[in-house]
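Same chain, two partners: chain A is paired with chain B first, then with chain C.
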Partner chain A sequence: MISATLLGQSVLSGLFSGCLYALLGLGLTLSWRYLRIINLAHFALIFLAAYIAYWMNSAYGFHPLLTCLAMIPAFFALGVAQQLLFIRFKVGEFASVIVTFGLTIIVESLIQWIWSADFVRMETHLARGSLEIGKLLAPWDELFMCAVAISVCVATWACLNFTWLGKALRASLDNPDIAASFGVPNRALALLVSGAAASFAAIGGVFVALLYTLTPSSIYSWFGVVLATVLLGGLGSPLGAIAAGLLIGVGEAMTMAVVAPSWAPIAPFTLLILILVLWPERI
Partner chain B sequence: MASGIGDRAGVTRRESLALASGLALTASGLGAARAQTSGAPVRVGGTLALTGPLAQTGAIHKVVGEIFIAQANKAGGMMGRPIEWVLLDDQSKPDLARTLYERLITVDKVDLLMGPYATANILSAIAVAQRFNKVLVHHTFGIPKLANYDKHFPAWPLGAEPEKTMPAAVYDALASAGKAPKTVAIVTSKFPSVQFIAAGAREVAKQRGITEALYLEFEFGNRDFGPIAARVREANADLLFMGAIGLEASQLLEALDKLNYQPKNHYYVYPTPGPLAASPLGANALAATAYEDLAPLNSSPTAQEFSKLFHAAATSAKLPYAEPDTQAGTSYAAWQMLTQAVNATKSLDDDAIAKYLKTNGADTIVGKYSFGGSNNYGPDLMKVKQVQGGAWNIVWPKETATPGKAIVAK
Partner chain C sequence: MLRIESLCVSYGDAAALTDVSLDVADGELLAVIGPNGAGKTTLVNAVAGLLPARAGTIRLAGENVTGLPPRALADRGLALIPEGRRLFTTMTVEENLDIGCYRPAARGHRAEGLARVYDMFPILAQRRRQIAGTLSGGQQQMVAIARALMARPRLLLIDEPSLGLAPIIIAQVFEIIAAIHKSGVSILLIEQNATRALAVARRGCVLDCGALVATGTPAELDARGDIRAAYLGGGH
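And then the complex of A and B:
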């Protein structure tokens, strides 16, 4: 007999995982939708940010959130540079998979060269302990991550839907020539989206460093679940990413609690296949 | 010296390693016994997981191999000839390991083979070695019953039935402190070399009348340990026995800590030792070991010198945990085995080397190996270690325990 506490705790755990999936997928969904770039290097940027946060903390005692603030503009510039290269070499949607996978391998090798292949862990006392909700426990660090993930996704959604920038992006996506004739700077917008996506990778990376032990090769362990979140949530949809992340996270956690942990990886892809079959126009 | 496409060690690191090795040899008085090597090098081919998910442990074996070869080449190499390590990167992939071992034999035409890291990759290499009738000494094979080639020689000293002996050692160790577990929660990764140990722990528990409060399997690479931790907390067993490899032990402990739960007694099969020892959550954690830089295991001059060199080289290679443990010790033992056999037989003939090892075994820093048992496995040399005061100590069997240390049980 499964207890209510176990179920409740598992749901909480799934909600936390889901928020992280959404945060990690946000930049990816934007670049896929608005730039037509399937940017697998987004995962590499997340881990590069995570390792930088770890290094700044362990070597110089920098607070991870200060490191995050410093990395946002730096990663924005990195994203802009990446997009300039894609424009220069006319990288299309499908070619981008190969190109960005290659970039991922290069960044992984760079990380391994600098920080070794061994495990590293950021030791910080930031937000340790848990909030007690009856018999349930919600770790403060994960609550904080959720608050940031939801805030960033909602702010991005609001920006896309209620500002000139969002309208310009949609216009540029529908018909770049006509949009340009109305004064929409297509190239600048593309650079902005790429920069913003890389900045989101920096934010996500800091939380990966806060919550997980790092190894260079663990970059790849996030591919499946985050891509499933992006597809399930609908390309370019920040709120969709949150909803899909929560659905997948809770789905995985409940599978672990009720069935068996070894079945959990099946959950996101089962959901994805179901959506593809029942609601193909969603993708 | 390592060479080949998989070798990512820079000249600087090799030079610093040679310097460190030379300094240590001089300091320990072995410099006087230095013998010149001459002639064509003896080429020993092998792969390691230098990239991919097993790279963090592959890096340890690379460091150890470089240490051993630097030392050996100062002490006469193999038959007076220098040793050259042709090292390739198998990217943690068994299929690639198989291809690379074929290449080492047929294209690179190496004289001898040294095994790769990790059970699946070793199994691939054994198949190739068998096809070409080559001796394969290897350091980390985890499932003895699968290795039935008569010229494979394991340095991971599990004995023939670790699925029985390893759990029994844990239950015995706790019982010796008057805390024989009445209930056990068994949680295991599906990584093959720990999953079968966990399955064995179920059987041994049943035989001893220990109630199984929980049995869970999870995929290797699992990230979210929250729901697993919730189930472990709910089971609240006397002993948490985890078929853990790598970081899984630390990940589960962190998830348990977030639920304000600490297991009463906890054992992990092959955890990454550094994070567990460094974290307060690892207090009293138990694990398997074959070698530590602790008395009585490090009492020989060879072991002391190796430990000193490993500290320096691991630090230079930026490994966060620079203590030599089971991985490093058995890796060194594998090189000792091969070198002893070649020097004793004065031959690179695989049949002669295999016959020597079967007859004489090998003396290593891990202990005396013999290969007369089932599938060339000899006595079980594994021990139980425990985190006490932020460091690992050997606590079982009593005769090999770190002096002054005994198991802490609740």
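And then the complex of A and C:
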């Protein structure tokens, strides 16, 4: 039988992972719903950002948050460029899976070529130490990541629901021709979504670098949990992504604590398969 | 206001409109009637910039607008009430109206526009937070009309507003169309229901198989035996 403290600590670390899953899934869920692009290259961008943050820090001493600020517009431009190409070559939903998986492999090789396949770890922290809540420890870095993840998701949700931009985006998804005839710029909106999604990848990547040891092939270890988060949360739903991320994060942590650590990856994949089989209209 | 000259539109190799010419004067309500598949919707969609013209020109207030994208036409004062309403069905009534005044030029008049359309359709004021797709057919048609009015159009294209509605609702819809016309908006009204359409129009055109077969006042059209027998008989 495990102790209450250990259980509490597991739940806490599950909540932290859950926030990260939501942050990493946000761009994916937006482009899936609003662009009908299943953008697996989102994971590649996350890792590219993570490695750049690591490298700027270890080689030049740049603070990761500074690198993050610089990467946001640069990644936005990458996202726009990607969408321009997808429009130009008329990449549809199904083709997008294969094309973006290919892109991911290319970026992985690129990362490996530049930074080698060795494990690397950024030495910097945003703040050292942890917040003590009773007997539980909450590292400041993780708390900060959660605050950013939740803020970004809530801001995106508010933007989708309460702004002209959000209404235009939903109208454009609902009925593009009619939206256009009322002046909605469908194409510009698509580029904006793709750019924003890539910017979210930059933010997520910096936190991956802050919290995890990096190696190029670990890109793929994120597919299962993040895709499960996106599908369970509902495509295009930032708040759904948070709820689903937390659920999956805690579920995973409990599996680790109660069953065995090696069982952890089974939880999200089982969930993913169950969603696809029992709830196909989710896509 | 609107002048169409020798317009040809086709879907792939199949011609849907051949050599159609017509004009809508400033402040006029022109009715275009014709049977199923005559090409009426094709005509509206081509004017709205949703379909490319294969040949011919479309002028709005004297300016050649052939080939301009829908957005540019909206900027020039054109608004569409499409066949089958085509609301943003997952959005609320008021969000639909917001898209109606999405263009910066109309956005500044949002409050005024909402007051006007809610006054015209009080039921929509009550349902403003309801998802548009869950409204009845008649209420959806009201949203489609209100959405177009929010754009403050100078030329309104209305495609089969009576489609699928109960007779009592149809009567209301035509009253509203007459009122909008009276407020100074030029209207191109497409209808299969010839009797209703010609009752609110000064002039009508008959379209069949993609070509205009007659143009004239309702009385002139009615006086032509062939037209009356073929197109005006079934005023449902």
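Some observations on this one:
Heads up, the rule we're going with is that the second predicted complex is superposed on the first by the 268 of 283 C-alpha atoms of A that agree within 3 Å, B and C clash if a C-alpha of one lies under 4 Å from a C-alpha of the other, contacts with A are read in each partner's own complex, and residues count from 1 in each chain.
The definition used in the following text is that a residue touches a chain if its C-beta (ideal position, glycine included) is under 8 Å from a C-beta of that chain, and two chains touch if they have at least 3 such contacts.
Predicted model, so just to flag it, every value in this text is computed and none were measured.
When both complexes are overlaid on chain A, chain B and chain C end up sitting side by side without clashing. Within the superposed three-chain model, A:S151 lies out of touch with both chain B and chain C [touch as defined at top].
Touching more residues of chain A than its counterpart among chain B and chain C is B.
Between the C-alpha centres of chain B and chain C, as viewed from that of chain A, the superposed structures give an angle of 150°, to the nearest 10. In the superposition on chain A, A:A264 makes contact with chain B only, not with chain C.
In the superposition on chain A, no contact is made by A:T163 with either chain B or chain C.
Applying the stated contact rule after C-alpha superposition, one finds that A:A117 touches chain B and leaves chain C untouched. In the overlay built on the shared chain, the residue A:A179 is in contact with chain C alone; chain B does not reach it. Of the two partner chains, chain C is the only one touched by A:A171; chain B is not.
Here chain B and chain C sit at a least CA-CA distance of 39 Å once the structures share a frame through chain A.
Interface residues of chain B, counted against chain A in their complex, comprise 8, 50-53, 55-56, 58-59, 92, 190, 216-219, 221-224, 226-228, 230-231, 234, 246-247, 250-251, 258-260, 272, 274-275, 317-321. Those residues of chain A that touch chain B in the complex are listed here as 3, 5-6, 9-10, 12-14, 16-17, 108-109, 112-113, 115-121, 130, 137, 139, 142, 212-213, 215-218, 221-222, 249, 252-254, 256-257, 260-262, 264-265. The part of chain A that touches chain C in the complex is made up of residues 164, 167-168, 170-171, 174-175, 177-185. Looking at the complex, you find that chain C touches chain A at residues 48-50, 69-71, 73-75, 78-80, 82, 86-91, 95, 98-100, 102-103, 106-107, 147, 151.
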